[in-house]
């Protein structure tokens, strides 16, 4: 029968002052199956642990209960001690007689009685513990990074530079993401393209990185260390390997008046196009919906122009490939909120009411105005520019509840850039608060106000309307408690950052959680901010929550570090607290399959000797199972059980209470 | 001289018997179920039931019987044998079929190893049977060579008077005689007519059935598969049977204290004969139904010279799918031969 | 004067939230009644109604089942599944005459040590008022006498 | 032509055309008011089918007979609305393949029989108002209300009286189409969650656990109730659970063949007023 | 009371093969021991139990010539055997029995004996083997054919060595094809095949055959080919039992109660039973 060692810790006076440990030792010594029962001042100390180890060896113990502090405190300590003494580390239970007994009670007699019961029931549990071995899962040491913005690029580069293969998937024709659209970046005002482009080039040229642009992740199956990812390479109609990027086709394309997505509609592009001049890869793509040939069945001017045979191929089809990876970094970024919900601001109605991102394009040297800040309506320099912050953020009624985090900073930046380009210009910023927490951030906003003359008005704008060629911005200065009206030439809305429109659907497809908005859920907001609840899938950048470039890059590197940690070994060791199915009694109702939050339960064929499928039963993939036990509770026939918390263990624990 | 027990004297008898240390059991319909329960007075009894749902067998071989109480401590295991109490009982208003069931089971519980639980209660009980003046579509005592007035298993036989006022008392055993001698002051000696017995038709020829069952080729007959098709494998026919006696032994309790009990079990249950290896000699419902019929009308007779059926008809009466011994045996008697 | 009735309360809790909350009550040295015995499970999703029945068989006068607040489950959804089961099981117990006051459910996060302590105190007080759950406990005693005829 | 004749001939043609290998219906029983399950394999046998207001059993249990459907062939079956719900649940729980069942549906209202339109499982996927309306007989509802009006102590006493009658014959389980487990929880002995002995405690546990396992899966056919040889009103407890899932989760068991089991799914907005 | 078991103290436990253990038990009470001494004959079985878990049926593996202890060998498979497999010396278990009939070894006197066993079915055979070997002079030639699935599955390895060394016993050992180890010296093949190769003479010979049903079936056929008549072949049957004393109703094969009329039968008797009930 079982030989259990019970070790009662005094924790100095922490336990001993409220629990009569002598009494506890006497009671437990008399309990069936308890081979040895000792008390000691600090069992977590070296000599304490030595005592435990010696007892395990001398008495050939089959299980150990340490009656001490919370298992959340010292379970690992004593597991290690058990292992060192040759006892399987999972043959240990901690009876929590400190946090949940001595510290919370003031009647010593009752506390002692409770401590005895707690310990006794865990003795009964530990008798039924099974020797467990950490689960070994092979790891495919190749990572998938979804999204080729700065987050994805940074994560890919970090992983690749550490010597691991990366597949970087971007659904647009070029990597670069939103950062490539920006002019200068706060708080240093260095040019976004100047710092980003080298990274983009580094990524595409990196021997360990395979960049798949104009591609989308269709499906993810598998589990940590062993994902199979199905990627759709969308038909580009241009053979990227043959194309030299000369741009002749773009020049000749008859369709030239297509609003450029990259320029936020402030500039045009052709039907065959590269999104922007520094695109990586700098190879064009045909916009099927706008192409004359695809619309009318004739044209093909680009093909005729192209000097390379079969480079432009109108018959190209989407192709699919399956990629084996061990880890996935999700860096799918964000979109800006559709500002049309704010009809009172006149966006879409007045050409000179623009979004912050459009302002970026105006301010960008590579933008439609070559960096000059000009009114979209008439190309004139605006004399007065009004910036409206929180045009969507922190507005539960029309916009989003959260703070988009970057708007205070970029609005200050915009005011600054405007001031730098129009020395006499007047900028007025309507704001709720100025949130400028970050290295150099507050200094930056102060500079905008003090050096670049940005006028900050605390208050919300109620209406923007046109009058005499001016945009009248009507609001309230809540500090003065007075209504304000500003006659502006241009109004810039600091729109909210929102998840990608398909974020929720995407999250379901790859099996990660998301919040009410569609931002992806981290495993723990504070302690596991870059992991998802699905082991092996990590997050970085604005797909998790709005964030600026420094935070994005930091998080990208953090996720890369997580991936590299995972890739540091060929085998992955996991806690063996996983479920397992008794095949003979499983009726195959699939309740467990449906209940499992991790898709860890599969249907498995049971075949007879001739290979004929005679029934299907549930089967747990230990690589995916996280050990919550929801399936166990569902199963009516008790055909599934959870190691470490088996039905037998819990039954014994309860029946000994 | 025939003695008469008038209904209005029954209470006096009950008092006398109770004062003599007997507990008096009689059919009682309570919560939609008739069973033999202890009564204090005649009005507690439901003597007009053709048959209570539960048999008198339950009082001798209860559905769950504590046998050994155990207490495990570090030093030792303490056990205590639990036995039926010494109380004597009068089982009043038993039907002839139920009474016969007791006698049918006696040899089983007594062959070499004597089941003391059964016999202690048997020895402490007096079976006072009332002949049947009514029957229903399911009664089949006459088919198994018993009758509404068969005395098998009874210590006393009461015959209802045609005026409905009481019963004519016929003592069968010494034990029965002693019981009624003790209440002789409450009995009358008048002459009275007894009511007509129930007419229970013979529903099958049991001889033919026994002959067919004894034929070795019958065991593998397709007949079993066809007849058992609608059996759903519940144990209600076995648990309500006055002669079924299969049981299980189970330990139940918490970690260190518990009771080893003898619980009813049923040959209808799929797990009944299941080996731990997974092999199950009777792995289909038809093989289990065959076992039940064979056991009652072939094996049991081979061992103890009597069929293990007293014709109460409960198996059919309570069957959720309208099966039962009658239908099966009728079908057997109708088999071409 | 007889001893005041000390109810026996069994709590089934998830390790990530309520167990941690109970630990926090400890580290905060909040005082509460000694009547509760905690059984630690990985998640409320693992807490089977059978546990509650067994606790009652063992003489529990009240049972507490507690885990992470909705949305906070370490395993993302275990508590949502648990909540459904509780709704159904609670209705079932109530319909069979097991008073709702004896089977309690709560969300207690790792940060709610105070809530844990208060809840244990209030359940203990409530159960003290209800008195021992003799109706169920008597089933246990009937076991031994039921067929002694 | 009455419904009995109509269905006899329909069953006969299903059998003689070879579309189905077997039709499960009702035949005459051992007494005038009893009907018993009848299994017809030929057109001739189909003429023995009886269909009248006494045909109240839910025959769908038989579809789960081991090996019956393993040859992939079809089976025809007489079903009332509750039986149709059972079929939907069984398909949703992967115990039946929809293309193996041909439904001969009928409803009994006030002693009158009507044929239900549709023969394939798909025809009844997404049950209609009629089927819904027949879900809970008023008498059952009244009994439930009567029980709910009691104090817990009285209610406990009521069930204690009822469950003390239980003899653990498992007729309720065997009669129930939803009790298809290969190993019933009561037969699990490591650990022995449910006391197998039929003392009141063991009976209480067994009946509570069974009711819980049927919550959101019960088609309210009453088979358990009718099967119980000691007349425990089991359908009350199952019907009460059915009401609970309907009220709390807007869940009508057996509504469709792709319904997710109520206890293997959830909504973030599920009610939780009772949770402290 | 007839269902009350004898308390037994575990003297030792020996692992025979993976999942297979032998317990050596001694009586705690002298009167129980005396009862056993008077009643035990080789072939009988008992119910071994542990309070709190229940009882499980298997044979007494020790011979009737050695009644100081009870030895039993069992495979760990259910609740009871799982617990029994975890006992240590000094623990208290229970025994109820001995029950059933016996091998009529006095009728075997003066005859050649052929013992055939497969896998975990050696224990019942072992009881009768030692019962005869302990009075070796009463019998003529003794041949033991024993096979298991793999080398690891062979039980009583020490005793196999003893028998091998004895010159008054012919031991034929075999493992199923694929079950051999590199250093395996004995036969490889299924028991019926090896038995036919060994070709024991049926003349004046009693065969005792124990094994799983499938092995019994083919070995019986082999024995018949070798010329053994079913009356001279003894075997044991096992069925699920709860009472051991002919009351609980589950062990019968046809009309035969294994617990009372068995477990020892001649092949002729087994053949007379309804085969579908086995």
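Chains here go by letter, A, B, C, D and E, matching the order in which they are written, and residues are numbered from 1 within each.
Everything below uses one rule, namely that contacts are C-beta pairs under 8 Å (C-beta built on N, C-alpha and C of every residue); 3 or more make two chains touch, one makes a residue touch a chain.
Computed from a predicted structure; not experimentally measured.
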Between the pairs C-D and A-B, the one where more C-beta pairs touch: C-D
Most distant chain from chain E, judged by the mean position of its C-alpha atoms: A
Between chain A and chain E, centroid-to-centroid distance (C-alpha), Å: 64
Separation of chain A from chain C, taking each centre as the mean of its C-alpha atoms, in whole Å: 36
Averaged-CA centre spacing for the pair chain D and chain B, given as whole angstrom: 32
For chain D paired with chain E, centre-to-centre distance based on mean C-alpha positions, whole Å: 48
Contacts with two or more other chains, residues of chain B listed in rising order: 63-64, 72, 248, 250, 254-256
Shared interface positions of chain C, touching two or more other chains: 54, 57-58, 77, 81, 85, 143, 146-147
Residues within chain D bordering two or more other chains: 185, 190, 192-193, 195, 197, 199, 202, 263-265
Interchain pairs in contact, sorted by label: A-B, A-C, A-D, A-E, B-C, B-D, B-E, C-D, D-E
Complex contact set, residues of chain A against chain B: 30-34, 124, 584, 652, 655-656
Complex contact set, residues of chain C against chain B: 57-58, 143-144, 146-149
Interface residues, chain D side, partner chain C - complex: 147-148, 150, 152-160, 164, 185, 193-195, 197, 199-202, 204-205, 208-209, 211-212, 215-216, 237, 240-241, 244-245, 248-249, 262-268, 270-272, 274-276
Touching residues on chain B, where the partner in the complex is chain E: 67-68, 70, 72, 76-77, 79, 81, 83, 108-109, 111-117, 216, 219-220, 245-251, 253, 255-256, 258, 260, 262, 265, 267, 272-277, 279, 281-282, 287, 291, 294-295, 298-299, 302-303
Residue numbers on chain D that touch chain B, as the complex places them: 29-31, 34-37, 39, 57, 61-62, 66, 161-162, 165, 167-175, 187, 192, 195-199, 202, 223, 226-227, 229-231
